[in-house]
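All chains are identified by letter, namely A, B, C and D, in their written order; residue positions are counted from 1 within each chain.
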Amino acid sequence: MGFVEELEYLRQHTPLTRAVAEGFRARDLRGVRVAFAVHLDIKTVPVLQAVAQTGAEVFVVTCNPATVRDEVCTYLQKLGVQVRAWAGMSEAAWQDSLTWGLNQRPHFLCEMGGELAFRAAQDPKDVRAGMEATGTGVQRLREVKLPFPVLEWNSLPLKEGLHNRYLVGLVTWTTFLHVARVTLYGKRVVVVGYGPVGQGVAEYARLLGAIPVVAELSPDRQVLARYAGCEVAPLHDALPMANVVVTATGRERVLQEEHFLQLQDGTFLLNVGHSNRELDTEALRKYPTRLLRPHVEEVSLPQGRVYLLAAGAMFNLAAGPGDPYDAFDFTSAIWLAGLAHLLDAGPNYPPGLHPMPRQVELEVASFAAGARSSNPKPVPKKGSTTDLGPA
Amino acid sequence: MGFVEELEYLRQHTPLTRAVAEGFRARDLRGVRVAFAVHLDIKTVPVLQAVAQTGAEVFVVTCNPATVRDEVCTYLQKLGVQVRAWAGMSEAAWQDSLTWGLNQRPHFLCEMGGELAFRAAQDPKDVRAGMEATGTGVQRLREVKLPFPVLEWNSLPLKEGLHNRYLVGLVTWTTFLHVARVTLYGKRVVVVGYGPVGQGVAEYARLLGAIPVVAELSPDRQVLARYAGCEVAPLHDALPMANVVVTATGRERVLQEEHFLQLQDGTFLLNVGHSNRELDTEALRKYPTRLLRPHVEEVSLPQGRVYLLAAGAMFNLAAGPGDPYDAFDFTSAIWLAGLAHLLDAGPNYPPGLHPMPRQVELEVASFAAGARSSNPKPVPKKGSTTDLGPA
Amino acid sequence: MGFVEELEYLRQHTPLTRAVAEGFRARDLRGVRVAFAVHLDIKTVPVLQAVAQTGAEVFVVTCNPATVRDEVCTYLQKLGVQVRAWAGMSEAAWQDSLTWGLNQRPHFLCEMGGELAFRAAQDPKDVRAGMEATGTGVQRLREVKLPFPVLEWNSLPLKEGLHNRYLVGLVTWTTFLHVARVTLYGKRVVVVGYGPVGQGVAEYARLLGAIPVVAELSPDRQVLARYAGCEVAPLHDALPMANVVVTATGRERVLQEEHFLQLQDGTFLLNVGHSNRELDTEALRKYPTRLLRPHVEEVSLPQGRVYLLAAGAMFNLAAGPGDPYDAFDFTSAIWLAGLAHLLDAGPNYPPGLHPMPRQVELEVASFAAGARSSNPKPVPKKGSTTDLGPA
Amino acid sequence: MGFVEELEYLRQHTPLTRAVAEGFRARDLRGVRVAFAVHLDIKTVPVLQAVAQTGAEVFVVTCNPATVRDEVCTYLQKLGVQVRAWAGMSEAAWQDSLTWGLNQRPHFLCEMGGELAFRAAQDPKDVRAGMEATGTGVQRLREVKLPFPVLEWNSLPLKEGLHNRYLVGLVTWTTFLHVARVTLYGKRVVVVGYGPVGQGVAEYARLLGAIPVVAELSPDRQVLARYAGCEVAPLHDALPMANVVVTATGRERVLQEEHFLQLQDGTFLLNVGHSNRELDTEALRKYPTRLLRPHVEEVSLPQGRVYLLAAGAMFNLAAGPGDPYDAFDFTSAIWLAGLAHLLDAGPNYPPGLHPMPRQVELEVASFAAGARSSNPKPVPKKGSTTDLGPA
């Protein structure tokens, strides 16, 4: 029982990715160079493997040194992929790896965070087109003038509708039970920020027996929160009655020292927003802290102890497994279908950011519909996506 | 479209009662006299009709003058049943009708409330056995020495498990939306009393978007309320934050003038407990009141207006339809199966109160299981329940 | 207890509309002519009354002869509003009333359905601008070349997010319990169409104990349905196992004779989509029918009976109360805030259809936030919306 | 970060147990000998520690060699408790340890499983009274004639109402997501057995997006399942459509080879019932198996692969953490309050099995109510439970 078995198990639970990959790898991409800057987690392997099987030259760096798993790198290298990343690599080594990636003169970029495209904006060399998965990356690429097209798939409705609406909330609380070893029954869970992620987090807290309290500035989201059975209160009223506080705003330093001093003894603090700095952990750590169990840090404030979970990093990922395999299957299948579109039609787009065509995820959803029937539908072959070109 | 069509529609949605009735009416009960003191509502008709079809002499009075529907009495009389009840009858006329019922020298009593058995305890004449459906009736019969057996079916688990656990809560809020024309979203619903009825009422309020707050004296029920996602607060803390207050304690005058004066402007007041006097309506009506719409009475208290619903009577019954037909089907089928047992084996029991054998409702549940399959199971014939006799 | 008390009760539960109306009626609109083609239901009164109080000349016709309530017309006339509508008016009389409305040479049109604007497109006379509330009206106005601007508020996120997401589903099933007198426990409810309305209908069916089965052509919505705990099946597989079938597609003749013949004995049929013709009732009525209770029509098909509810019209409105008062408060407050914007800034827009600015509903949501606090916020005065002009 | 910190964290989340322990340890029990046969898990420590602090002589063995944690034994020994148990001990060593325990001539027995009391029934030596926590132990002790009283607390309503009704279901699925790494959305979860545990398991599966299907022989429980929104089907119809199968019957070999051969490819198999043999794992292991990840065993049946989780042992305990700390707090507080009653009043009961008085858990619930207020209630001192004696 090890990495190979885990990969086998992952494959068994990602049938959509398998189906898209089957069509994908039928391409002959010899002579094409593709650079990836992505999380080097096991869930990434099936996508990279499919690209490698086309004969393309594949160069891989990480988008985040903290998430690299060495066995993933080793496995990819055996497949002929060139990888420059390792667990525990320094910031300097990471910056070097990004430079290395661009020096391979890739034709296509495929990223989570936009590091390569941001640099290539100055000197694109052979880059014809790129794709970007994250909101953070999209934000960054809006700041530069791109001399090539980049297709962003962060805002595809199905991808976001499932991940944000359901999965972050679900995995946050299943992980909370595992890590904090306490239930939510009758506890007040204060959710700071009621965007799609906050909505899912509040809904699952309520399903699991909590009384959700929403602190949100936007008045229309306050109305939505009340319709979803949440209490709505200003932050300064909500914090003193909290048993658990979750930040989900996407902004930095939402909770600062003055807020922490309002908390009652025994309150849990966690973050599920995209920034690791929604909780001002530096302010917290002015006070005595000690680690009581993995991911559970006790902070002794003047008025009582609070528990900081996962050091304020994204809780569902840092202390838990992130999206389960069957749910991530949508993400990786859309990713691979989007890559197919990038390779087939990407260079036809004008320079700049473009949304990935919605058809890409409808195609994957069609597979999902077919996967439920006993006779799986035929797999799309190369060229099936050529009708998705720029409008 | 009238009473006959409504009765036909009722029959279509009570297949269990139909199935039990088919076996029941095969009995030859000529010469047997049965007296009923029950609600004279359309849902009662199929049971009384089945008894009349056996050739038994059937005498009917009401257990509550306020629930008599004249078209039900007329219909029963056409079937040869002797009825002494009418809408709007006086208290004196009702007392007379009870005396009349006993003067017919019934062999069996079938009741909701125990009026006849209570009187017959002094002078049973020909009474061999009785059955009783309500907790109130059981309470009353505990106060006398019964010279004949009475089988009570109030506490049969399935009957109570469905009615109390689900149906009172469900119908309370569907009726609330219809009568008060407002939603529960984001409103605090204070539930006073967290027994089975209060639990169902709180659960459905939560499902429909409310924030339930439970006021309950028993500490173990307070714990259960927290596990069910309710806030728990002492009554005097809960009332000032209520948007809706529901009493479900089974006790009288739970909310009195001092409580009403704690309510905020716009609060709704309703009762679903067995007593019509849980809300001290006399104390409320010292203040100016006016009826704004059917079942909605505005009371102008010093601190603001509150709305008294259905004059404090059991809200789901007084302002709404009570149990829906398909759900009442369990009740009337168990009632009829219990009657069969009463007639076959009742006189074999020693004098006093006895629980109706659990087998009676298991038999009905078996029909329910069978009713789902395309080939309905054979119907039990007379005598099939003789093995249910006293232990 | 009558119309005046009901109106008083409505006012008590529409504080947002009251707050917006207070600012609205401070306008001096003497000499301004406004024509309305709207439902003449009690919920419409506060909006029309606010306009009348500005001194504007107000002309009112109905957008649907079937929804006119005479006491509403009488009440409005007493306020000085000119009304040409009555319950039971003929089609010809209705067409005349529309012509009458335009002949009053209105400066502004305010509609649900676009009847007046559609006609005025040929000959606008004095029309400067209009507003439109419904998707049907927007569709119709897209077919003509408008010589004046029309602001549509059908797609405002909060309005649609509450009404479609929650209220249609909620009121559909509370009305179902009231009209059909049966519960949803353990019943398969087939929802045809999984747009926002279908999603709400399926969700509330599930909350109330049903097993929802979704029939939907779009593969991405099929995925969403599975995440929401619904079964997904093709229509021809779903119908034979249905206990209840609800159409919510917005299309006509979605269920036809061939579909009805697939249903099992006892199935309920209802529609909540915008078209009254989603169920092909003509095909149903080839078979014997009879009305068993209000809104419940039994149809004897060869294979068994089915129940057609509300003759296939929009069930929540035709057999039930539509949106409850406190929820409609958002709609009527947004309506009135939109009217203020129309009057202040509408003529500045170029001819054609435009979305109502989102700021209009944010302003109402801000009132909602304020209405919860003990000190209500100050009410906006005339001119407060002038910064909402065309982009 | 280690055992001491974990114990500190446990204490922080078990305030009820702390409160009861404070009163308990005030006893002077020098000269009293108490033998325990219990799980040697960290959650057991606070109870044993409280007893040791009274000066009593404490002898500890395990009730299950598979659950012994060595650091727990070491810690207890430091407190002066005599422990005879270690991780990996053989069956023979375990039997020896039970004999050792009785040879210490204990006055009181405190058990989970009844091993010591069963043996002591033959030769009680100095045993005055015992207490028993489990249904299995109660079953076993019914088979012998006990020469001393044993108080059983398995059936206390609050303990069972929380653990069975909520916690098994909750922890089963949070553990499932962690171990199987897949979600429940849209999956059919077949629950075999619909007692209290099965009800909780089905309810939480439904909350997390599954379609629950109940296979249950008892017709009244079938009715309850339908009211809870579950499909009900005979086992042989349910299995071929399952994505997940959970046994919760308390019986052995409920699923046998013939059943396994009905499953579709990819089905998960797990057990939450008290017996580790509800799934006939021997029959499964005739086919090729391999461990793919911890607790996930792939079995290659002729028709496809299935996944056996936690080798068929109680899934929530064997693959997960069991009850969370704050919920177990009720259990350990009731345990300790029961121990107080055993020591004070146990010997006054006649020989044989008796239910623990309900007052014991009401007392703990009262603490729970008090623990919510800012001023904790006073702690009961020795003797406070003497009014709980035999009726």
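Keep this in mind: a residue touches a chain if its C-beta (ideal position, glycine included) is under 8 Å from a C-beta of that chain, and two chains touch if they have at least 3 such contacts.
Keep in mind it's a predicted model, so treat the numbers as computed, not measured.
Here the chain-to-chain distance from chain B to chain C, counted in touching steps, is 1. Look at the CA centroids: the one farthest from the centroid of chain D belongs to C. Across the two candidate interfaces, A-B and A-C, the one carrying more C-beta contacts is A-C. Each chain gets a centre from the mean of its Cα atoms; for chain A and chain C, those two points are 39 Å apart. Averaged Cα coordinates give chain A a centre that lies 55 Å from the centre of chain B.
Chain A has residues 166, 185, 209, 227, 232 in contact with two or more other chains. The touch graph of these protein chains is complete, with an edge between every pair of chains. Across the interface of their complex, chain D is touched by residues 157-158, 161-162, 165-166, 218-220, 222-224, 227, 232, 330, 361-362, 365-366, 368-369, 372 of chain B.
Looking at the complex, you find that chain C touches chain D at residues 185-186, 206, 209-211, 225-232.
Of all the residues in chain B, the ones that touch chain C in their complex are 1, 5-6, 8-9, 12-13, 166-167, 170-171, 173-175, 177-178, 181-183, 185, 207-209, 266, 290-294, 296, 298, 305, 320-321, 324-327.
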